[in-house]
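What follows are several structures.
Below, chain A partners chain B and then partners chain C, in two separate complexes.
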Partner chain A sequence: MKFLAARRRQPVVALAMLLFALVTVGGLYAAAATVRPAEAAGAASSETQVEMGKQLYLEGCSSCHSLQAQGSANGPTLIGVGAAAVDFQVSTGRMPLAAPGVQSVAGPPQFNEEQTAALAAYVASLAPGPAIPSAEQVDFASADVAEGGVLFRVNCQQCHQAAGQGGALTQGKYAPSLMGATPTQMYEAMITGPESMPVFSDATLPEEDKKAIMAYVDYLQNASDPGGLSLGRLGPVTEGLFLWTAVFGALIAVAVWIGIKAR
Partner chain B sequence: MSTTNPAAASPAAASPIEAAGGGVATYVDQRVGSNKFLGRNLGKVFPDHWSFMLGEIALYSFLVVLLSGVYLTLFFKPSMVEVIYNGSYVPLKGIEMSEAYASTLDISFDVRGGLLIRQMHHWAALIFVAAIAVHMFRVFFTGAFRKPREFNWILGVGLATLALAAGFSGYSLPDDLLSGTGLQIARGIVQSIPIVGTWGAFLLFGGEFPGTDFISRLYGIHILLVPGLILALVTVHLMLVWTQKHTQFPGPGRTNNNVVGYPLMPVYMAKAGGFFFIVFGICTLIAGLVTINPIWLFGPYTPDQVSAGSQPDWYIGWLDGALRIMPNLESYLFGYTISWNILIPAVIMPGIVFTALALYPFLEAWVTGDKREHHLLDRPRNTPTRTGIGVMAITFYGLLWIGGGNDIIATSFNLTINSITWFLRITIFVLPPIAFVVTKRICLALQRRDRDKLLHGYETGRVLRLPHGEFIEVHETINYKEMAVITSKSDIAPLPAPVKVDADGVANRKYRIQSLRAKLSNFFYADNITKPTTAEIEAAQHHIDHDAALEAPLHAYEDADEIRNAHGGVLHHPGMANTNAEQLAGRTDH
Partner chain C sequence: MTDISTGSGHGPSENTPAKLGYSPVADIPHRPRVADTDPKAARRAERQVASMFMLSMLFVVLFIVAYIAIDKSATVYVPVFGAVGAMNIALGFTMGVAIFLIGAGAIQWAKKLMPDVEVVQQRHDLVSPTEATKEAAANYERGKEESGFARFKIIRRTLIGAMVLFPIPLVVMLRDLWISPPGNPSPSELLTTTLWEDGTRVVTDATYLPIRPEDIPVGGLVSAAPADLPEVQEAEHDLNARGKAAIILVRMDPAEIVSQQGDGWDYQGILAYSKICTHVGCPIALYEQRTHHLLCPCHQSTFDLSDSGNVIFGPAARRMPQLPIGVDAEGFIVAKAPFAEPVGPSFWERG
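Then we have the complex of A and B:
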């Protein structure tokens, strides 16, 4: 301890203590925050999927969407939105809404797959609406990536950005990044039009075109960057930031080094 | 011309290599007369400071741009002819696009080393413009633009403008979606110019946008006209530096009439040569490691598409920002639409900025009435108004810059684009004046500190208790280097207010302009903290000597004790304190 005691007044100690305190507090908070309220997991297997969905609905959704899903001042009606909308909103963690805001924010899903399916089944039982796409509908293996690129640039990039990184809309709304979207979620978003997104029905965008777009987004998600570090694929803003911080930091450091008078 | 060869005159003394070198030098000299020129210039002295190398970064990155650009011209096809892409980048295979875009894809994916060279070209171009900007900061804040260097400042402003033109024309060449979007905005700006705008745009683009001519026209501008002009101006710029000699920071022995530093050969040959390779190396390293302008992600340009987050390169960002935050104003006059929303931010504002930038040296010289030659640089604190104006301009630019990236900033920091816009609309008028006042006050405070150092020396941290109980802190004179730097300050008195009617009752015809000049001069210099006079500094030295005299007995005690231990015959044990000072230090340890 004498070693530590002798060094306790060094300037670096204050910094180290501050870092230690920040890491500790931050770590404890993160640990506490990840403990979510107990999930309603123990649904009896004897109940039908719809009944289980209804139960989950009453617990998790009815405070805003009302007891009969007819909607309220706090949330729209869910009658007729279909299973696809429920699956999209719940599986991306947008619903149940974490906090009121200009738009729902994606996050870790609050219901597991079985519960999500039950909720979707319940809402679908209220009135017909777009169904969750089948495995065949989201199988884009045979789709043309280049064609998908053209369709993506025509229909998607004005909000989601050319590389699918997302973009700003008005009043704090935004088009999210597509980098974490699954093919099913993309398909559901296209047919249900969540938030500010328009609906791309089969009349405007046939299934083949949807598959092509999914193939292109899948390419964007998995493509390596031939030019090296991607800088978030955000274009000139991050390039400029990198230039003025890293590159100019290095250049000026070298200039200072060369400018130091030889002793 | 001398016909005797110094190397040949004493062949025995020279090594074989020196003899050979001398032989070559003589051979060349007898044909081009280079020895006299080199002898005169190789010993030229340059002052040493890191900030004098910022312009070198610009020069070297420009060389990288030129070299990499030559390579790119071998493969780039400046044509807007539609072709079907059939290269190795699969997600664009079979897509119709212009030959310019297709050849840029080929450079990126099918030409050996093409992507590396393309990225080098682009990164080095960004470095080039940025280096010009920081070089300009250095010249501005140190007053290096003052007489006799006003013309070189204007050349510099011209080079900066040309650098923007070079950058923007290059950004627009690949005909990808991002560059086309930029061009469409540029066309809109041309169109916004009253009366001639529409015709000007038709003339430039050869008809409707995008047309089929523009890429090839821009190509000529980008690879011939602009670089040619830059090379010419750089040559004159450097020749002027050579003949006018480089400015230097104040220091011991440095005056307005000398240059203190090292000779070009060998010191600056080594330093500058080495720096060239480092800049080249950094360009290559970044180009190899970090993506820039991934045109394959943007796709070919078609006028009906635009991507979210479309931005120009950093140096055009401030103009884009000005466009983005400008409220939507239009008027209709005599059947013409005047788009103030484009005209003000994209034509009038940059016009004012660049004119003010170019004319600043003349404006300051007129205001201050200073006609002397200046080879010794100002410390920024000693010209608080100029420094304040500079920081004000940088703040203005920085706010517009934020505007240029408003959508990326909004999504990255969970803000709304509307509040960023309103924040900027207000702060663009509020923050620059605040930045001016704060900077000026900081400069004046630093001047006070300097004055204090001259009049009271620096605080040593040694506190002395005098026999009658008073405590004083011992001050000591600052060292000669700091003294030389601080005393280099030259105070300029503000111009006196002119008289309206002189003693003979004759009205002063130039009263108004002289009055304005006097007011501006006051604005520049009235708050200045005057440098102490020589008499004041001498008086201060007496005060400092007085401190030293008070402390002297203590030193005498320490020193005397040492002498006693050494010569007084007392047996000195190992580890025993040698002096009173040591003994005292030992006591506090236990």
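Then we have the complex of A and C:
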């Protein structure tokens, strides 16, 4: 005791106490925060999917989209956006929004499949809207890839680039690469028009055409590069950069070697 | 085989500039190379060059072997490059190495074994010798005298007249670029008119489906064409018709439309604009449904479709032409009039 009493007034002790207090409070809070979704899921499992979705909504979404999903200054209304929009935004990790910016960024999903389905069911229960496509709607096995290529070039490539690599829009916004998109996500994006993307309704781009586009994107996703380096499949820009740096560098090195006098 | 090496084996005296018939450079000391002084080094250099040429031959043989032996569809994993066609890699590598070794061998030969003396090449004025100049002048004077060009005034003048008139037919033919024969549209008319007329039905591009207003939701985008485009294209092989008539349909909340190029040119918030950029004619459908911006990927010209298609950024000088639309008796979207202004990039006669 004497040992402690003698040293408790040292400035180092104060610093150590402060650090201990901060770590304890922060650690408890983090533990509580990670536990909460699991608790919510567990509590809601006995109730209906919509009830569970409502709980998840109130915890994860309502701070921006407001308590009744009518929207606020920070987020648009979700009434009538339908299950498809929710499934797209949540399953691609765009929502819940990590940080405000020119547009939401895709990433690892924050909710698991069951939770995503519950959220979608809750938002769909508010007002009718586009539904999540059925397995049959996204089964492109019998679709025509060549026809899909034509439709992709007419409707999609202006933003997503001819090889589906994505591209720039105005003022820092961008069209994402399609290399990781699932058929369901593609279908949902076409019928809901997330962010800057326009809506491609089933009337002007029928289900068969959508399947053809999915088949074409699937072909792009699995295409090999028999010619060698793909260089991002961006065409002349990266190819030119490669020529001007690597190839011209090699040519300059050879020219220098030619110019050096032999010993 | 040893011509060069024995020659250089005699030492630097063999390679002096004077002996080789060049003017020596006074202020650069000549330093002999190892191959000049050491016969062993010279022979080593000789072997180096010869082996490069031999290796080149070997790679040519390998090229032919690869071409015959490797299966066209076989792929091979190469680090950095990933899975690539085995034949592509083999052919490119062997041919590249073969030609590189020829060049490298030649350079090595020149650097190590050919004479490396510093020499001066004198420059001279670029004039002909005086006698040649005098002779040419005399020839000219004699020709003038003998032809009588100065004497026969009438011949001289008629010749000049004939020469001046000769190019005129070319200019007369150029005339048809701006005045067309009756019945055929002039280039200016061709650039000004499109397939769109009053009542032309709007169909989706590539699939040619007629469109009802309710088919396009708010925020929707449709790349569209005139209904008669397939026939025109089929009958006249007229790809220009497609290029000029391409349009996009977008639908926005009517409250968000700030202005249009004509009163009531929209149909319940559905607007039709040309798809061809007014800068240099790239097709644009890069429409952002939230900002209503239409961005051209070629040079970043940006048009605001909610505000008459005016240019808000980039090099385009003119707004995007709008097509007035309505619906016909069957409820399908149709054009109400042709384009009021020429689509696509500006041209001379447009003013």
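Simple rule for what comes next: the second predicted complex is superposed on the first by the 219 of 263 C-alpha atoms of A that agree within 3 Å, B and C clash if a C-alpha of one lies under 4 Å from a C-alpha of the other, contacts with A are read in each partner's own complex, and residues count from 1 in each chain.
In this section, contacts are C-beta pairs under 8 Å (C-beta built on N, C-alpha and C of every residue); 3 or more make two chains touch, one makes a residue touch a chain.
Just so it is clear, the model here is predicted, and its values are computed rather than measured.
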Superposition on chain A - do chain B and chain C clash or fit: clash
First (chain B), second (chain C), both or neither touched by A:Ala16: neither
Partner chain in contact with A:Gly166 - chain B first, chain C second, else both or neither: first
Partner chain(s) touched by A:Val25 [first = chain B, second = chain C, both, neither]: neither
Chain B versus chain C as contact partner of A:Ile258, first or second or both or neither: both
Touched partner set for A:Pro236, first chain B, second chain C, both or neither: first
Of chain B and chain C, the chain that contacts the larger number of chain A residues: B
Partner chain in contact with A:Ser224 - chain B first, chain C second, else both or neither: second
Touched partner set for A:Ala203, first chain B, second chain C, both or neither: second
Contacts of A:Leu58 with chain B and chain C, given as first, second, both or neither: neither
Touched partner set for A:Val154, first chain B, second chain C, both or neither: both
Touching both chain B and chain C, residues of chain A: 150, 154, 158-159, 167, 169-171, 225-230, 258, 261
Sites on chain B touched by chain A in the complex: 48-54, 56-57, 90-95, 108-109, 115, 119, 123, 126-127, 130-131, 134, 177-178, 271, 274-275, 278-279, 282, 286, 288-294, 297-299, 304-314, 317, 404-408, 410-411, 414-419
Residues of chain A defined as touching chain B within the complex: 102, 145-146, 148-150, 153-154, 157-163, 165-172, 174-175, 216, 219-220, 223, 225-231, 233-240, 242-244, 247-248, 250-252, 254-256, 258-261
Complex contacts: residues of chain C adjacent to chain A: 33-35, 75, 80-85, 88-89, 107, 111-112, 116, 204-207, 209, 211-212, 214-223, 250, 283-291, 293, 295, 297, 302, 313
Chain C-touching residues of chain A, taken from the complex the two chains share: 150-151, 154-155, 158-159, 167, 169-171, 173, 193, 195-201, 203-206, 209, 224-230, 257-258, 261-263
